[in-house]
Amino acid sequence: MRVKQVDVSGKQEVVREAVAEGYLKLRPETVRRIVEGKVEKGEPFALAEVGGLIAAKETPKLLPLCHQLRLEKVEVDLTVDEERSCVRARSVVKARERTGVEMEALVAVTIALLNVWDAVKQYEKDESGQYPHTEIFGVRVLSKVKGEGA
Amino acid sequence: MRVKQVDVSGKQEVVREAVAEGYLKLRPETVRRIVEGKVEKGEPFALAEVGGLIAAKETPKLLPLCHQLRLEKVEVDLTVDEERSCVRARSVVKARERTGVEMEALVAVTIALLNVWDAVKQYEKDESGQYPHTEIFGVRVLSKVKGEGA
Amino acid sequence: MRVKQVDVSGKQEVVREAVAEGYLKLRPETVRRIVEGKVEKGEPFALAEVGGLIAAKETPKLLPLCHQLRLEKVEVDLTVDEERSCVRARSVVKARERTGVEMEALVAVTIALLNVWDAVKQYEKDESGQYPHTEIFGVRVLSKVKGEGA
Amino acid sequence: MRVKQVDVSGKQEVVREAVAEGYLKLRPETVRRIVEGKVEKGEPFALAEVGGLIAAKETPKLLPLCHQLRLEKVEVDLTVDEERSCVRARSVVKARERTGVEMEALVAVTIALLNVWDAVKQYEKDESGQYPHTEIFGVRVLSKVKGEGA
Amino acid sequence: MRVKQVDVSGKQEVVREAVAEGYLKLRPETVRRIVEGKVEKGEPFALAEVGGLIAAKETPKLLPLCHQLRLEKVEVDLTVDEERSCVRARSVVKARERTGVEMEALVAVTIALLNVWDAVKQYEKDESGQYPHTEIFGVRVLSKVKGEGA
Amino acid sequence: MRVKQVDVSGKQEVVREAVAEGYLKLRPETVRRIVEGKVEKGEPFALAEVGGLIAAKETPKLLPLCHQLRLEKVEVDLTVDEERSCVRARSVVKARERTGVEMEALVAVTIALLNVWDAVKQYEKDESGQYPHTEIFGVRVLSKVKGEGA
């Protein structure tokens, strides 16, 4: 075999939780627009939260080695960091399953950020249509808990 | 309306191409394993290329404001940068459509990197199951071309 | 957060059942055609039952706040009410889960009715291509049961 | 054959537009909550607009006889009608294709309304968990245009 | 790269048609039941036709190297061959695209046959729950045409 | 009803495993190319294994009567049989569920074989673009186990 999915049937079904975060660098003017509610395509954070939520549930399709889980909670939260001129996405995913949910949390965070990018892309392009400033960075798993504490 | 999809019916149907890249920081030992073909779950780069390719086609579902396009070429390429201890993903997406394809290229790159993460995650976790080193960064659009040059 | 999915991890996993119904108003001639098996596109009710069944399983994607459930039974039934010149869809959905299944039953019913509409639309349009008579109405949850009785 | 998809290869590729609407009857208190922004699950209309937008693009999967189209515009708008104690959804769908887009507009409207229902369902249930008041009605195609006018 | 999707942007957009077929060997008693309409799960051929139709449209997801096409016609037809004790599926797929549609026709045929298998599986199992007789065979492309003749 | 999904709520949740296989007849030169790693589109077996894995998880959508399961292991393995000039796919699927997983195993096998076909199709076509040699055959369930032994 070239690709091997782990057999999780021997693992224990316990509550598992993962928290992930990620950042999207934007121009100061774009961050300003988000804060002031002046994005023509609408509310980028509502869009990003819904997009991230749906994406988390699509994880087994996007990451073929991931197992199908029944996520009991998916929380995606977006905030603005004006000082660093960026948007931060943070996700919490929870499930009573045989395998961890950090990949689901990471999918939620990255797709949420890409939704913000998509919503504000007209303000990020330079005159030749390029994106010299926009960048996703710092996509990490903040914590992973299993059992009691989760 | 809270969310507004752009009406692209007035735009011109021309060939459009976008190139995107992104990086996944890994432990040196994990990068070594990839180079030496010693990842137990199989070939992470084959998995990531296929995963990125499929994800690019799923863009209109993951990013609700994106339009349905017929992508004429999706190329996802993964390479190792041992010095910086990371994996690089690069995607090229091409289509004769009324709207650009940079979001599709970005989705391909991020999902490809998440597939690599998923394939090697057992080597990245510390003894308490956390990921102190792993991180996605530098996800950017390298170029966007329209018409003749594409 | 702009959108909040309920955390169901504290709820009890019991058998839950929901019954929903809905109606599609059609021209008397169209209802007649269905009864006599003279719909050129084939059997609208077989199509609608399969379409409704699939849609119920797609609920977590169509309704982002819905959780992923393993439905143990999805039943979609279509009947004709010649007197009121309409088609009635009725669905029963059952699952041993931590949350109710009425949204799944409602999705099944509405998508089943839209499949009937799609199958007979050529008989419903007037000479200018409009639908002056066709209408979905009365989409309701008839009952919701939890535990023993379900 | 039991089910026959129309062969559209002989039809003309012109701009086509469809407008659909539908209503969701709610308790006056629930409508009040929406108006005052007091729905605990967040912003039901942002959710519904995104859900309807995604659903419109999923039409060929939900309605098997529908063809795959590249929708050039999907607009879903939600408003409150306090007097009639209901929510109204209205969708506009546009595409340069060989077949009409009214089914896409209808899918957008019904799934948008079901998303509102899902977001406010806790306020609609009576003490025994039933929905005596909630109902979707008046789902219709308001207009269908082809060519120049669209 | 480990996996390379063909760039079709240089190919000509012409009408393309493919015809495929395949067979499902069943016990004579099962074939009899289908002919007599005595399958408890309902009408296996209606189910199979709808299932095959949907699957054809899902081809770009199931076969990652396939491009997204707008299929203008998908026809799936099922017939019984009592003498050879099998069911035959035949599909015709048509599209005005830059690449052929034979993979779509093959997906339609195989998924249609698997739907029949699923619908009648209770009659095919022996007393230990195995399938000694059931088998899919003869899945082939019967013809592929491009341009005028298609 | 025209189509009836079985109610599995009364069945026992035990570990269930199914093994399926299938074959793809190819020209000897094509089989040679696969063995020598000379397929221009890349690694057909890596592609096929990932494709089969994803397809197994999509079973409830492709086969509408199938229930949503959480597969705990999906294994797809491809090997070459040079003597018989064909490729063999073998899948093992495992889940702790209320219903068997043989349909998932069959979907994995057929879609894996179609992915190989897609990857090598340029070598299989004759000068008029037809496939006189290529054929899927021998798609069977090798074993189905429930409980202890699984």
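Residue numbering begins at 1 within each chain, and the chains themselves are lettered A, B, C, D, E and F in the order written.
Just so we're on the same page, contacts are C-beta pairs under 8 Å (C-beta built on N, C-alpha and C of every residue); 3 or more make two chains touch, one makes a residue touch a chain.
All of these numbers come straight from a predicted model, not from anything done at the bench.
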Neighbouring chains shared between chain C and chain E, ordered by label: D, F
Chains contacting each of chain D and chain F, listed by label: A, B, C, E
Rounded to the nearest whole Å, what is the centre-to-centre distance of chain B and chain C, using the mean of the C-alpha atoms as each centre? 37
Report the inter-centroid distance (CA atoms only) between chain A and chain F in whole Å. 32
Any chance you could list the residues of chain D touching two or more other chains? 1-6, 42-43, 46-47, 49-51, 54, 58, 61, 64-65, 68-70
Edges wherever two chains touch, nodes for the chains themselves; is that graph a line, a ring, a star, complete, or other here? other
So in the complex, which bits of chain F are touching chain E? 1-6, 22, 40-43, 46-47, 50-51, 54-55, 58, 61-66, 100, 102-103, 106-107, 110-111, 114-115, 117-119, 121, 129-131, 134-141, 143-144, 146
In the complex, chain F touches chain B at residues 42-43, 46-47, 49-51, 54
Which of the residues in chain F come into contact with chain C in the complex? 1-9, 60-61, 64-65, 67-70, 97-98
Sort out for me which residues of chain B touch chain E in the complex. 15, 43, 45-46, 49-50, 53-54, 57-58, 68-77, 94-96
